[in-house]
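The following pair of complexes shares a single chain, chain A, combined with chain B in the former and chain C in the latter.
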Partner chain A sequence: MSVAAAETTVATRPGLVARLRLGPALIAGIMLLALIILSAVLAPVLAPAGPAVVDLGSVRLPPSADHWAGTDAIGRDLLARMLYGGQVSLLVAGAGMIGSLAFGTLMGMLGAFGSYWVRAVVDRAIDIQLAFPYVLLAIAITSAVKPSTGVLILLMVLAAWAGAARVVRSIALQERGKDYVKAATVIGASPFRIALFHVFPSVLPSLLVLAAMQMAAMIVFEATLSFLGMGVQPPTPSWGGIMLDGKNYITSSWWLTTLPGLAIVLTSLSLVLIGDGLQARTDASRSREGDE
Partner chain B sequence: MSSYVLRRLLQSVIIVVLIAIAVFIVLRLSAGDPARIRAPVFARPDVIEQYRRDFGIDRPLLEQLGSFLWGAIRGDFGQSFRFQAPVMQLILDALPRTLLLAAVSLVLSLVVAVGLGSLAAMKPRSIWAWLSSALAALGQSAPVFWSGAILVLVFAVGLRWLPSGGFNGPSSLILPAIAVTLSILPTQLRVLRASMEASLKEEYIRTARAFGLRQSRITFVYALKNASLPLLTVIGVDIGYLLGGVIVAEVVFAYPGIGELALVALNARDYPLIQGITIVTASTFVVVNLLIDLVYGRIDPRIRLERS
Partner chain C sequence: MSTLVADRIVKTFTVNRGGATRELRAVNDVSLTVAPGEIVGLVGESGCGKTTLSRIMIGIETATAGEVSYDGRPVKSRSDWRALRRSVQYVFQDPFTALCPTMRIGDALAEPLAIHRICPPAERKARVARMLEMVGLHPDVARRLPNQLSGGQRQRVNLARALMLEPKVLICDEIVSGLDVSVQAQVLGLLLELQERLGLSLVFISHDLRVVRYLCSRVLVMYMGEVVEQGAVEAVFDNPQHAYTRALLAAIPDHSRLTAGAAN
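Let's look at the complex of A and B:
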């Protein structure tokens, strides 16, 4: 993306639909994601067995015609577990994404439009949050409260809101200096009104990109925490949890870790493609290189 | 300039103290009674009371916080439940190995980001540009523990070239470092490529070209100087992410660092150890971030002037 392109998009500000021209990466990403979501939704129809059906007669079988993805250490069909696990992973990641975007947007707006002290507190909070390694945060919190799906989503929001807040704040700060905001101030609009009705629409395209990127990050995050035993708890299958089950057999039964991992990678990859495609189209400047 | 350094220093101290207080409160209020965790399951009430006195948790909360902070300042985080050793000792054993893995990964990632990112910016239609996009997308999508597992399967189980885990000399570093690098590379690669593309369009580059300098010299000497500034910011922002990746890699590769220690502490409900690890690691990050901020000011005179 070039600087010149960014300037023209901002200057002309065509409608959202006009800016959503689809590129090949975007189409590939959307199709892949649709396929993954569809297979998770249709898990009860597609899965050859229930995700918890134990068959001790067929333990750790490699992929075959009967079990396309093999079976795990207690003879459960891995494909079935991955399909049902997809439901859990996608839902949890979606909840984490929405939560972190909502909270991040609120904080980002406060960081741009709040009073001096509010802005200072938000700034520090973002700094602290970004400086803090999320895995350690998760370990500290799960050592205090029992891990559960609810706690996991809370952890996701805690870990990811600052990234969204930084982007929203930097865009809002840029917008705040522009003439239309000054004009709104002059005619007596309150900061709240300006933030919500004037500046927020400019943030929206970036939020769309952020949503895709955060969702990709949340898929990986859920998997990581569940893999470390701090996320979705057994027997509920999630992609990270299934990999944790297979961790001890990594040298003898490769499919138990690689295949669920592949599901994670493909899902996240589809979202990255969508995010990249959207970004190329909307040229939403996720200010990676710091703000001010 | 010096007032800026002083202000940043003060901020860092405040952040560390706030984190320490937050960790203390979260663990003390919600973790339950350390004496009950530590004492034998069917211990008599007077035995549990004895444990409480030993831990000092029979005193008022504020007094506990005070003595905890005073201990933390002197590097005394108490005894680990699990290892029966001073928490600080355990951390000092593990931290250097974690920092080593983090540093190696960071350097590796920077080398690849600068090399591949510059090539991709120079030749946007070459195989390098394609490779750089592919690596960025893959690295962003693949969890550290998955790429770690694949690396183990290929290079340790299949080819038997490298150890699958543990820590025995430099060869133990290779696979974990690659796994971590893959996860932190995407942001650096994208940022460097974008800033290099912008740099190469500048007037002074055209001038250099007109003087007949070789393109490789122009890119890696002249353009890189300006293009690397955003990269430095990204490193600062991603330090937490880097250490997060290192922690996960340590677990996958059974690498004896802070991450492994933290997970053992978590499973053993070893609160003093978790407390110590969280605070020491968080402080490390704050210090690293501070250093990067200060270095940034040194490298780019424009920022230095702006601040003074």
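Let's look at the complex of A and C:
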């Protein structure tokens, strides 16, 4: 009996979910994030009137059947603003994440494959960036130029590229000493080719983990700067901007700050869960490689 | 003709142990000439500098002093080395680390063709298949990743990759020492067959004297970074002059005693 049972288990291929090796954290994170993204994408369907309809007859109403998330100080539906604000927050954070990873990867590769002077410059640039308080940097820059969404994304790249650069550089330095990189040199591959075709694929799993973590940080960073009035400018809604609008009423109308804050927390939570899940996967496949 | 010469190569490493730095001579004043079609053996224990010397000859290590030349021209600048590597290729010792883990075998073999624009892209696949067949692998191997192959198969792939550029000289750094004995024999047989067919010159690095005797016409014995003895294989093996060579030869398991015992 038990032998037959064992044979059946061996014979059946693992299901799709098992083969993708998704842990519980990864599944929870992906589902939560999918829900948030879907609601942002479907904002025009869920709230056809849009985020800017002012109704001075219904100001600062608490959550009810008519207005699920209540209304703000000039009677705009808070749920509609949060849905449209989600579009803005997610897009801005996504752009900041992609920008910082792209620039960070480039710098990290230069830090591993560049000439002596290039490597030295990259090292110092990373040190300087890590030592620099980015909110201060943001205040300095937005006091010099008019704050806008473009400036915000640029600030995000400036604030976060060094993390990616350090990860990419350390992995690339590790790989660079291996025989396959020397073998590529011997068949005539240029450092650029080696970085792109041989080393980058080894960096990719760690970069995916970093993408999730950076995205979470970017959601919070966008909210911080918009809350301080240096990010997305009104009337465009973003989660941080909505909280700024509601901050004067924090003692009387709790929903104006709590609900967008909850959106920020849940979004970064989902991303951190995804990042952790991906990290566990990379660690697992790395230890399998070691067993070989 | 295409002669690879290493002239009076010196390589020193600076070792720092407990704050005291001292110089370590890994290779000390070694010269090596590889004539066309010749198989030169380089033997010695691990750490005697033979791998370092071979890596200097392909330019992945730089010599502290001395010069490598090819076809009578010294190889100095980066572009000299690039040019040298069109004619001189290298097979690494460890078949498990010498292949990029994320690249399919077919792409790894096509890469040298793409880099040096040797043939039109459409022709690459056929060339890769032909080369795989030449080293005794099924063309389907092209679709696999390195971790799906055995050590012997990987070493055949490494050999194939080095041969894609149709080199004149091939440097083989202990290419069979990581393999099972039966697989060693297969890879060595293949190497010898390819050498004859393609008219290659070989630098064959090994610590296995039986293999060197089987393959090589000339041999250099290295000990502590220096060449202590060199000459035709028969001369060196039958009448060793240096104490270290004698010790090496004495360490070979003696098969005649085994067979003699069986005969009695």
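The rule we apply is simple: the second predicted complex is superposed on the first by the 261 of 292 C-alpha atoms of A that agree within 3 Å, B and C clash if a C-alpha of one lies under 4 Å from a C-alpha of the other, contacts with A are read in each partner's own complex, and residues count from 1 in each chain.
The rule is short, and it goes like this: a residue touches a chain if its C-beta (ideal position, glycine included) is under 8 Å from a C-beta of that chain, and two chains touch if they have at least 3 such contacts.
Bear in mind the structure is a predicted one, so any value in this text is a computation, not a measurement.
Looking at the shared chain after the overlay, A:203 reaches neither chain B nor chain C. Comparing chain B with chain C, more residues of chain A are touched by B.
Residue contacts after overlaying the shared chain place A:158 against neither chain B nor chain C.
Contact with neither chain B nor chain C is seen for A:242 once the two complexes are overlaid on the shared chain.
Once the two complexes are laid over each other on the shared chain, residue contacts for A:136 go to chain B alone; chain C is not touched. Taken together, the two complexes place residues 289 of chain A in contact with chain B and also with chain C. Taken together, the chain B residues at the contact with chain A in this complex read 11, 15, 18-19, 23, 26-27, 30-31, 137-138, 140-146, 149-150, 152-153, 157, 164, 187, 190-191, 194-195, 197-198, 229-230, 233-234, 237, 239-241, 243-244, 247-248, 251, 259, 262-263, 265-267, 269, 271, 274, 277-278, 281-282, 285-286, 289. Those residues of chain A that touch chain C in the shared complex are 178-180, 182-190, 193, 197-198, 201-202, 289, 292. On the chain A side of its complex with chain B, the touching residues are 1-3, 124, 127-128, 130-136, 139-145, 216, 220, 223-224, 227-230, 240, 243, 250-251, 254, 257-258, 261, 264-269, 271-273, 276, 288-290. Of all residues in chain C, those touching chain A in their complex are 58, 60, 82, 85-86, 89-90, 92, 94, 97-103, 111-112, 115-116, 147, 158, 161-162, 164-165.
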